[in-house]
Structure formats: structure tokens, C-alpha cells
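So that you can tell them apart, the chains are marked A, B, C, D and E in the order they are listed, and the count of residues begins at 1 in each.
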Amino acid sequence: MTEAALEYRDLDGAEMLRVRDLHAFYGESHILHGVDFDVRRGELVTLLGRNGAGRSTTLKAIMNMVGHRTGSIVINGNETLAMRPHRIPRLGVGYCPEERGIFSSLDVEENLLLPPTVRSGGMSLDEIYEMFPNLYERRRSQGTRLSGGEQQMLAMARILRTGARLLLLDEITEGLAPVINQALGEVLVKLKERGMTIVLVEQNFRFAAPLADRHFVMEHGRIIEEISAAELPSRREHLNSLLGV
Amino acid sequence: MTQEFVLETRGLTKEFRGFTAVDDVNLKVREGHIHALIGPNGAGKTTVFNLLTKFLPPTRGEILYRGKPITGMRANDIARLGLVRSFQISAVFAHMTALENVRVALQRRLGTSFHFWKSERSLEPLNDQALALLDQVGLKDYADVLTVEMPYGRKRALEVATTLALDPAVMLLDEPTQGMGAEDVDRIVELIRRVSEGRTVLMVEHNLSVVSRLCDRITVLARGSILAEGDYAAVSTDPRVREAYMGSEAGETEEAGA
Amino acid sequence: MTMIFGVPLAVFMGQLMLGLINGAFYALLSLGLAVIFGLLKIINFAHGAQYMLGAFAALLGLQYLGINYWLALLLVPLVVGGLGMVIERTILRRIAHLDHLYGLLLTYGLALIFEGTLINFFGVSGASYPVPEALQGGLNLGFMFLPTYRGWVLVAALAVCLGTWFVIERTRLGAYLRAGTENPALMQAFGVNVPQLVTLTYGFGVALAAFAGVLAAPLYPVSPTMGSSLLIVVFAVVVIGGMGSILGAILTGLAMGLVEGLTKVYYPEAANTVIFLVMILVLMLRPAGLFGKEA
Amino acid sequence: GGTAQAQMSDDAVRIGYLADMSGTYRDLAGPGGLEALNMAVEDFGGEVNGVPIEVFSADDRNSADVGANTVREWIDQRNVDLVAGMVASSVSIAVTKVLEENDGLAIISGSAASSITNEHCTPNHIHWVYDTYPLAHGTAKAVVEQGGDTWFMLTADYAFGHALEGDVTKVVEENGGEVVGGVRHPFPTSDFSSYILQAQGSGADIVGLANAGSDTVNAIKTASQFGLTQTGQQLAGLLIFLNDVHAMGLEATQGLLLTTGWYWDMDEQSREWAERYFERVGRMPTMVQAGVYSSTMHYLNAVEAAGTDEPEVVRAQMGEMPVEDFFSRNGRIREDGRMVHDMYLAQVKSPEESTGEWDLYEIKSTIPAEEAYRPLSESQCDLVNQ
Amino acid sequence: MTATTQTLSPSMKRRRRARQRRGALYLALLAIGLVAPFVAYPVFLMKILCFALFACAFNLLLGYAGLLSFGHAAFLATGGYVTGYLLSSHPALTPETGILAGTLASLGLGLVFGALAIRRQGIYFAMVTLALAQMVFFFYIQAPFTGGEDGLHGVPRGQLFGLIDLSSNLAMYYFVFAVFVLGFALIQRTVHSPFGQVLKAIRENEPRAVSLGYNVDAYKLVAFVISAGLAGLAGSTKTVVFQLASLTDAHWHMSGEVILMTLLGGVGTLFGPLVGAGLVVSLQTQLAQSPLGNWVSVILGAIFVICVLSFRSGIVGEIQKIVRKNFK
């Protein structure tokens, strides 16, 4: 247990991310219509919703990767709405995009080493390889030559190195085999133990359910429901209806 | 033994700079089956698709369609034979409407696709057919929407509709449900079931409930070669498969499936 | 004397040497193009003009400010490179998000402006820049009389090329460059200041062109059109080497210099097109160029 | 008088000056030539037969089609009476074709190709200052006579270069010399190193430069860099203009033999005109620029004498009148359109000999008008009836 | 299927309205084209029309097949040289035969270029075409029938169909106008044809088009050849108008210029190239006469930059945007 983790222990419960009345646009089209939610330190929350609900866009908006935003996004006490994109990660944020974004001009290992470390206490290369043996095997091959799933792992693994404290993960289980999903689940648990804060956009509810402290349900660019792990069993039906499962 | 197998590979192998992605695969797909190709990430599923549809040249081995070798053919000719694929990452014509997307597939049948002196309007007779197909995948209301503006899940559905438009004898679907909401998944599953009447479907799929619900036969790939083959029950109980692939989840999915 | 296919050995060797020297220029210029294309995905059509500006800056610096050759070799790339950065900040940046075709056209426009303006003030007949004392005279290589200055050009150009190659392929900064090349948005999401990276890269590419310009000043007439004629050939070199491939640009540059040299011996009329012939052949056999990664 | 005015085509005599105003040949004709033209008009009094003389100009950018189209428009839109200037042979030939169709009139001062009054002759143009024939017969002959009898030709790979190369080869061989080799270089070329290298390899005594303008300049510079003269070879520039020598400096060019149609310092009246030109332009005139003045004057005199600007009549009238002025000695215009006049063999002075920035040539000898140019007996021009 | 017609009607209506608006526009332009020679200098107008046709042909490739050719000058020149050579060496030939021959020659060359280049993508395609064009340029410098640097001159305009004397600028103009209208109509139809649809699909997502059974190379090749042929037609006509053919048409600057024209007017718009060509040609000819003469290239360059910076979709493109905003 690193003291980095300890340091975060006692800060548990403090607020890591606060989003207020967030609107986001892609050019003309208005995607987010006032998103409100906050995440406490060390917490793992999920953003659930149907396709097109705006979950990915929410993460992109937090990273300032969408066309235009209004409202307020406070990370670790800093208002970031006015920040240039490259400053945001330096607040200790790690982002794993939906479309993975593996670099074909770099080999697997270069991909892993690419993101600048933003904080101390990130995972070491060995720890990562231990966690994802496939990557170790293919470490010398071009990033995009990996299979869909391997790429997903790489995208995930990449940000574990940077020592980010707040992870924004978009559909990390998409197209992954169940075994890998289990592995990833365990990874997330480990990360929580290390005191990381995680926002998880998930399609695969079975994967998300056991991990999350709270679930936010999105629809049409808004948060329409918040369900805590505790009340989950009782409200499962309601949730399914929301997700149309 | 030729005819009952629509699609057959003999010693199919693909190497990328020394790395063997597909290793001596002998795949046999029966006429009329829904055949699943499953396996851990990187097993070589997509590569197999690319080889079958000639998007990649095989390093070794041959491919037979209805007993005839097609190993030497060009990708678009393969498609003309009735062997049509979808892609793992959605492939649509972004700046065309959903309707036009489907119509482009339909129009090939008219045989006028090189007629640069004909009017576009000569295609409008195809519209009803196109709409019908869109309807099948629940995209009727999107007919006039530009594809860029559709959410990811819808794009996948549109892709299936476009594939259907060719009325292929064999459909190769690479993870048709990937990144879809449960709702859409069910629709697609139903759709595949429906359209598989009178055709053969070969699909890569991770969503086991889908596999269990749909497939007559399953081939499990691991590290590029066939690990096991059989129907769902057989495969899912095969210890090697459970270990290599399904992990503990198999049980649950059966419930989910049932 | 010894003959090679009916050509005196001396002439043959001499031509190869000269080819190598031209090749050094191709290498420098295509290197700059490759670097810029890499990150900005822009075919920098102004590259020829910037090379020409380098030569003119040296010339005017000497005439009006008494800046000597060696100082020019240092200052001019900084100045012209700086100009490049300003252009990037004020103009290119505005179209960064667009189809790269626009970048090509914009820089084409800039090239027209630079060239046209200088033509109005200096005509096209071309002025001459004196060879620095230290490098006057020549070396007798046995097979030929090589003007010292040309020897120097070869050495200087190669040194700069290799330095650049090392930085890009072997350092962390280089990795950023290559990654930013592919997905700048994501690089920002990792905390890399991409806009700054872009500006510096363009500036550097332009500086390389200017450096080549200064090297060229004492060799060729310094005229506003000196660049545009060279540019198309250099394009070809970049393509043969493989777009954006650093090593490719350098080696191909030198190789093409040699090829051209040989053509001048055996079939001079073809000298100015042989490179294009090579380019077509290469693209037929290796679509991504000699050193390019197949997509 | 009134009667004359009646015969003028319209309310003005319009002279269009067409030349390379910005390109390789800018300095030998270009704006300077236009200035010379204006001088002529002013000296003539700005009007002829009671109508004003209008001058306009355009840049042909050494491109045949730009030139031809400009002239076509001048005819259709501005009914031009005389087209003057014209440098690149390609442009001149194109322009004369247009003029022939629309029976206009042109006087060519800049071009070199002798074909302009040979296979390309028309009744609608006159070739004034010089051409490749005298260049060869002047310079080449002299060089061979001085003992340079093995030649290596460095030729601009286009019509003018070919013509010059041809004429020179003929002359060299007629005089017992031999052309042992040669190379044709693209037009224009800035890097001559490899060609010079071949010249050195050839072992010829003389390296003949059958090119012009910046090509010649660069060839000469490169030659000195590669120590061509140290190794006992000699350069023969076959077409060199005053501005070229001025640009290269005497250090690099001293001793060069060259043939010229005129030199500003060759006698009193030439100096007198040249000084006036210098006043206005700040440079000494080339033979082409002087030729523009001389030819324009001759044209205006002819118009006045004929009392009309009717091209045919004027052309005939010009043929009648001998050309005798500061520029031309024993000059007359032949039926093929060639204005023959005395030519001069000059040598570039050494820095020591030179007394001033523009004191560049020493006239060695005069080539009489009748010997200087291709005899009509050899002409392929169909205006000439053998 | 009532449902069908319902869901379709909005788009159908829109298309029909667009069609009507286009129809009106065509008539207007046709009228303008017919009276123009009485207002402006016919030769100048003919120059514009020739380059407009050239640009339209280029636009077919860039705007609708997504292929940036940097070697289109080669086709312009080939048309010009072949026509010029035939007409001046065989005075018996009528101009239209000469033009036909020139067009066919470019068509053939297009086939060769296409066969070599079509498999290459994006920037590589541009570069291969550029390289091929450079070699053609080199060939034309050396080839005897082009007159090398001097070019071909005094090409007779001759009698159209052996009847109409084209030496009159007016007659010539109406011929050129007719040629342009035909070429333009062909392009416009090609774009809105089944073939056009497939082209678009290929431009959007090539692998998908392949997987739908389309031989994409064949489609691109056809588009390329059509474009080459029309470029040749432009060159041939131009040669008859100006009675000369020269290297300027074969030089890569010409390939750059046609891009300029197309962009200025609006890539992928039907009228863009026409407008662009008109503007560029006017600028060049008008400025060349004015005191600004030496600044032509600077001004063109500036326009280029401003254009790319402030109105990218070109003049026509921008206008269309405005129209769409206000009329829908």
C-alpha cells in the first residue's frame, strides 16, 4: 500500500468532480442539455444509458474535447471550463476514449509510455504487463495491429501509468471477451483500493453493477436518475425499464 | 462432402511479419446454419473474415465456396458471389442519408451503376424496397437523416440493413451487436434470426447470450487455431474452452439466455 | 584512361560526387517537408519559397547589414523559421481542422505571394553570393577538382539531417511528434500542449528550408524562382521515401541526387524527369514509398 | 497636313511594346527597352501626321501564348499599329503568325533565332538588332582563327540554342576546326556543375556556350569555380549582353570574345545617345534597348514619309529608306525582313583596362553588313525569289 | 405503400424544389451566355469558357470522386497539341474533327494515367499524377510535333463542318459556347446518375463499397477518364480559338491554376468552377495590362489565402449556404 494511497484514504469523501448544468455542442447540434452530477474521492460511479444518450459526450466535455460547452466543471476544486484541453489532465485526470485511440506510428510499448505522468504513484510497466500478458507478448508490434480487444486493453493500461487520480473510462469492455472483462473488473477493484476515483461509461451493466458505488442514468443529454449501490436490488426493475433491457 | 458446406477453408494461414494470426484453420460452414466464430481477443476472428472476403491475402491454404476454390478472387467479386461481410467498426456512408446508404447496395442489381448518362431518378423505384429494409432494423424514421448524425448503435443497425440489401447467400457479421444498447441487441438478434431463413450466417460475437440464442454451431478460435467446435451446449461445457475463453460467466449467460 | 560504359572514370566519379551534393539539398528540403507533413499533414507548398527566402535573407543580410556567411548560417534559419512560426500561428492554425487539401492550397498561395513580391524587387535573373574566403579554392580528389565549398555543403547538410533524424526517432519529444501526428486531440487529453508542438514543428521545418537556402546561396544564382523549380522534385523525393518518413526523406534525397547525376552522364535530356520516373516505378511496386509504413 | 491625316487609319498611331518585363531576359530588354521606345516617341515630337503617338506595353513572361494572345487583343481591342520589343524567339514567332493573319506590323529587337527571317519570315515583321548567324560567324570564326580548333558545345535545349549550335558547328568546321562533343541543358538551368565537368572531361580547347542570359552567366560562373580555365580550356560565350558582363564582373569575364550589334562606347553619337539613356534609366543600354529606339525612329520616319500608317505601305517605305543612325551603319531592310547592318567583334576588358563601371568592351573589328548575315542565296524564306 | 410516400415526401419535395430552382438558373445563364459576346470581348469570353470547362472536368474528379489530380495540365495540353498538329498539318481537316481527335487522345492518356495512378490514395494519387504529368511535359519539350519551346502557331480555325467560317470571333464564340454547354451538361448528368451515387459511396467509405461488390478501381477509372477527356476537349477548343498550342498548358503551374479556379469557385459545386475560372482568367488578363501587371501572381496568391481562410466552400459554396439558410 503506497503512501500515495494512504494520503487519499484520509481525504476520502471529499469531492473530486462536480458537474453543474453542463451543456455541450458539436457544431450546430446541441448534445448535452444541463448535466448535473458529482463524484466523491475514491468513488466509482457509472454513467448508464441507451446509445446516443450522451455519455461519451459527457466525458469528452469534461476533457474539453467537444465543440463548445457552457455550465461548470470543477475538478479537485479547480473550475476547468475555461482551461485549455492540455491543462485538464495535469489536474490528475486520465481519459480512455470510446474509439481507443491507439497510435499506429508507435509500437505497443511506446504507446504505453506515451502519456506524460501527471502525478506520482502510477503503475510500473511490469505491473501493467503482469496485468495484461497479451500486451507483453505483442509489445514490439505496431499499436493498431492489435486486435480490437487488445487495443482496448492497451488504451486502458496506458492511463494507469500516468498516476492519474480521476479516471474517465468509456466502454472499456466493448468487444472484450468475458475472461478479459473479469480481469478488467479486478483491475478496477484494485484501482479503487489505490484510492482512485473512476467514472465508468458502460453498456454492459452486468460488468458495472458489482463495482459501482452509484449509477447515473442518462437520457437525451440529461441525468435522469441516480441509484446508489445500496438501493440497486430494490430498484433493478425500474433501472432495466430505463435502459430498455 | 462439398455441397453441404457452403464455405470451407483448408489449412488457412495468415502471418504478419513472422507473427501467425491465423494458423492452419480448417473451417466448415454448413448451408443454412448460423455459425458463430468466438474466441478471446486477438484469436484471429476478424483476420479470418478478412481472409474469407479477400480483404487480406492468405499466406497459405485455400478457401472453397460451394466446393469451388475462390482463393484467387478479388474482394468485390467475392461479394458478387453472395458472400457479404459487415465490419467490426461500423462502416457506413457518412454523408449520405440512411435511405441512400441502403439504395447504393440495392442499385447494383439494376446493372446500371456505370451509366453516368442516366438520371439519378432512375433509382427512385428502389426507394420502397430500401425503406422496407430500414423498417426491418427499425430505422424507418431515419430514412432522410444523414448518417453522420446518427448515434453509433443506429449506424450498426444501418450497416446490417445495407448488407441485407444484397440478399447474400452467406452473411459474415463481425460483432454485429458491439456497442449496442440491450434494446437494439434484441432487435438485431431477432433480425438475424429472421433473415437467416434461406441463408447461411457466419458471425463473430462476444455477447454470449446472443450466441446461445442464435447459433446452430460454434467454432472457438484461440491463438489463431481452432480450439473446439460444436453446438453451444457442447462448446460451453468443454473445459478447455471455459478456461481459455468463457471463464466463469458461461453459467450466468445460460440463465440469461434461457 | 579507364572508361565506364564509354564514360571516362573521372567524369563518372565526378558526376556521382556532384549528384551526392545535390542529393544533400534534396535531403535537407525533403526532410523539412516530411517533418511538417508528419505533424501538420500539410504539403508545405511554400517550402520552396522559404528555401528561397533563406538565400535572399543571407544575400540582403550581407549587402545591407554586413552579416557574414557563418553568422547567416546561424541567424537566417532562426529568422525565417520564426517567420514560419508566425505564419503557423496566424494563418495555418485557422485551417488546421480542415481537409489537408486546404493547407496545401494556402501554402501554395503563400508561395505565390513570396515569389511574386521578390520578383518585383529583384527580377528573376538572379544575384550572386560570394563564396566565403575560408571555403574558396578547391580540393583535388584525383578524379576531379572539387570546389571546397561544395564539399562543405555535403558535410553540413548530412550533419543536420542525421541530427534531426535522431531527435525524431529516438527521443521522447520525437515520440510526442509521431503520436501528435496521428491523434492530436487525444495527445491533448494526455496533457501534451499540442498547438505549441505544432508551431515549433512548422518553424523547425521552415528553418531547415532556410538553412538549405543559405547553403545554396554561394552555389546557385539567388533568384525568387530558385525554390519553385526545385520544389516539385523534392515532392517526388518525399513520396519515394515515404510521406512523413524521416529516414526515408534523407536517404532517398541522397539516392535521387546520385540517380540524377548518372542520368546527366548518359542521357542529360532526361535529367530533370528521371526522378519522377523512379517515383512512379517505386509507387507501383511499393505503394507507401521505400520507407513508408503500409497503411 | 490634313490630307495625310485623312490616310491615317484612325485618330492615333499606337505602338505596343511586348517584352519579357520580369523574367530571365528582363535586364537586356524589359523596362529599359520601353524607356528607349518612349525616348524615341518624345524625340520624334509625340505625334506624326497630326495624330498623337500612343505607347502601351505588356509582359510576355517569355511565353508564346501570352505574347500571341496579348497581341491578338491589341489588334481586336486597341487597333495597334506597330508591335515592338520581343525577346524570346518563341514569342516572336508566335506573334508574327498572328500579325500575318491580321496584317499588322512588328519590329523584333530582342530575339536571336535566325529562323525568324528564314523559314519563319512574314511580310509583317522585321528583325532588327542581330541573330544567331552573325553570332556564329563573328565569335566562333575569330576563336578558331586564334587557334581554338576543338570545341565542346554547351547548348540551351530549345530552338534558339539549337539554331546557334548549328550555325557555330558549321562555322567551326568550315574553318578547319572540329566539334568533339556537346551537351544540351534544359532551359533555364541554374546548376551547370555537371555539364562543366563533362566539358572538362572532353578535353576540347574551347567550350562554346550556345545559350543566353542567366544560363550563360551561370555557366561562366560555375566554370570558374571548377577551375576550367586553369586546366587550359577556354570559354566562348556566343551570345553575351552588356548586362551579363556587368552582372558577372570583369574578374570572371575578362578576355571573352563576343559579337554585338552595337556598343554604347563605340563612337561619339552612340555615347551621346547612351548618356541620355543613362540619365533616365541609370544603366547603360544593351544593343537590344538601343535597337528598340533605332527601329521605332525608323518606323515613325517611314509613317511620316508615307503619310499613312497602313502597314503594307509603311513596311515598303521602311524598305526604301536606308537605316543610318547612331545604332546602325550601312543598314538596310531586306525583303526577308532582316535588317542587315555592321556587326562588331568585341573583347571583354580586364579590370585593369577598364576605367569605369560600364567600360566593359573593346571593339576588335567590324563585320561588314553584307557579310554579317545569312546571304539571301541561302534563304528558305518564300518572300525571297531566287 | 402509403407509409413510404409519407416518409419520403419531404425529401422528394426538397429535391423537386431544388431541381426547379436549378432549372431556372440554367435558363438565366444560357441567356447570359448568348448575349455576352455583344457586351464583352469574345476572345476573352472564349478563354473563360475553355478554362471553365477545364475546371469543371477537374472538379468532377476532386469534388465528386474525391481524387485530387495534380496532373490535369497534361490532358489540357495533349488535347491542344494533337488538335493543333492535325489542323495545321492537314489543312483539309475540319475543326470539329481536330477537336474530336484531341479529345480522344486525352481520353487515351487519361486511361494510361488512370491505370497507373488509380490504385493510389489521397496525396499519393496527387503525386503520381503530378509525376506522370511532368513526364508528359518532358516528352512534349522533346517531341518534334509540338515545336518544343516555341510551340505550335498559326493553327487555322477553319470551317466548322466545312460550312461555318470560324475566323469570325462571333461564330467562334457560339461554337465554343455550345461545346461548353455540352461538356457541362455531361458532367452535371454524371454527378446525378447511378454512377454518381456509387462514386459518392466510394468517396465516403471505400472498403464498404468493395464489400458491397463494387469494383471501386473501375469506377474511379471511369470518372478519371471522363474528366481527362473533358479536359482534353477544353484544350483542343482553346487551341482552335487561339490558334496555338504551347508548353504553358503542360506545365504543372497549369495544374495548380485549375485547382485554384475550382477552389475559388467552390469544390463539389456545379457552378463553382465556372465562376472560379471566370475570376482567375479576368484577373490575369485585366491585371496584366494594368500598372499592377507585375503583381498578378501576388494578388492571385493573396486571393488564394483569403479564400482558404475566410470562405472555404468557395464563392458558389458560400452562396449556396446562404440560400439554404434562408430558403428552407
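Heads up, the rule we're going with is that a residue touches a chain if its C-beta (ideal position, glycine included) is under 8 Å from a C-beta of that chain, and two chains touch if they have at least 3 such contacts.
What you are looking at is a predicted structure, and each value in this text was computed from that prediction instead of being measured.
Peer 1: Hey, what chains does chain D share as contacts with chain E?
Peer 2: Common neighbours, chain D/chain E: C.
Peer 1: Over the chains that touch one another, what is the least number of steps taking chain B to chain D?
Peer 2: When the steps are counted carefully, the minimum from chain B to chain D is 2.
Peer 1: Comparing C-E against C-D, which pair counts more contacting C-beta pairs?
Peer 2: If we tally the contacting C-beta pairs, C-E comes out ahead.
Peer 1: If every chain is reduced to the average of its C-alpha atoms, which one ends up farthest from chain B?
Peer 2: D
Peer 1: What chain lies farthest away from chain E once each centre is taken as the mean of the Cα atoms?
Peer 2: The most distant chain relative to chain E turns out to be A.
Peer 1: If you average the CA atoms of chain B and of chain C, how far apart do the two points sit, in angstrom?
Peer 2: Averaging C-alpha atoms per chain gives centres 49 Å apart.
Peer 1: Would you mind pulling out the distance in Å between where the CA atoms of chain A average out and where those of chain C do?
Peer 2: Chain centroid spacing, chain A to chain C, equals 44 Å.
Peer 1: What is the distance in Å between the mean C-alpha positions of chain A and chain E?
Peer 2: 51
Peer 1: Between chain A and chain B, what is the separation of their C-alpha centroids in Å?
Peer 2: Result: the chain centres lie 30 Å from each other.
Peer 1: Show the residues in chain C shared as contacts by 2 or more other chains, in ascending order.
Peer 2: Only 119-120, 269, 272 qualify.
Peer 1: Quick check: what residues of chain D touch more than one other chain, meaning two or more?
Peer 2: 22, 157, 186
Peer 1: For chain E, which residues are shared contacts with two or more other chains?
Peer 2: 294
Peer 1: Going by the touch definition at the top, which pairs of chains touch each other?
Peer 2: Result of the pairwise touch check is A-B, A-C, B-E, C-D, C-E, D-E.
Peer 1: Which positions of chain C touch chain E when the two form their complex?
Peer 2: 43, 91, 94-95, 98, 100-102, 105-106, 108-113, 115-117, 119-120, 232, 235-236, 239, 243, 269-270, 272-273, 276-277, 279-280, 283-284, 287-288, 295
Peer 1: Would you mind writing out the residues of chain E in touch with chain D in their complex?
Peer 2: Interface residues on the chain E side: 41, 43-44, 47, 141, 147-151, 153-154, 169, 242-244, 246, 248-249, 285, 288-289, 293-294.
Peer 1: Tell me, which parts of chain B touch chain E in their complex?
Peer 2: For this pair, the touching residues of chain B are 53, 55, 74-77, 79-80, 84-87, 91-97, 99-100, 103-105, 107-108, 110, 112-120, 122-123, 127-128, 131, 140-141, 143-144, 162, 166.
Peer 1: Please give the residue numbers of chain E that touch chain B in the complex, ascending.
Peer 2: Touch residues, chain E against chain B: 1, 3-4, 7-8, 10-11, 186, 189-190, 192-198, 200-201, 204-205, 207-216, 218-219, 222, 226.
Peer 1: Would you tell me which residues of chain B are touching chain A in their complex?
Peer 2: Against chain A, chain B makes touches at 16-17, 19, 39-44, 46, 88-89, 149-154, 175, 178-184, 206, 208, 244-250, 252.
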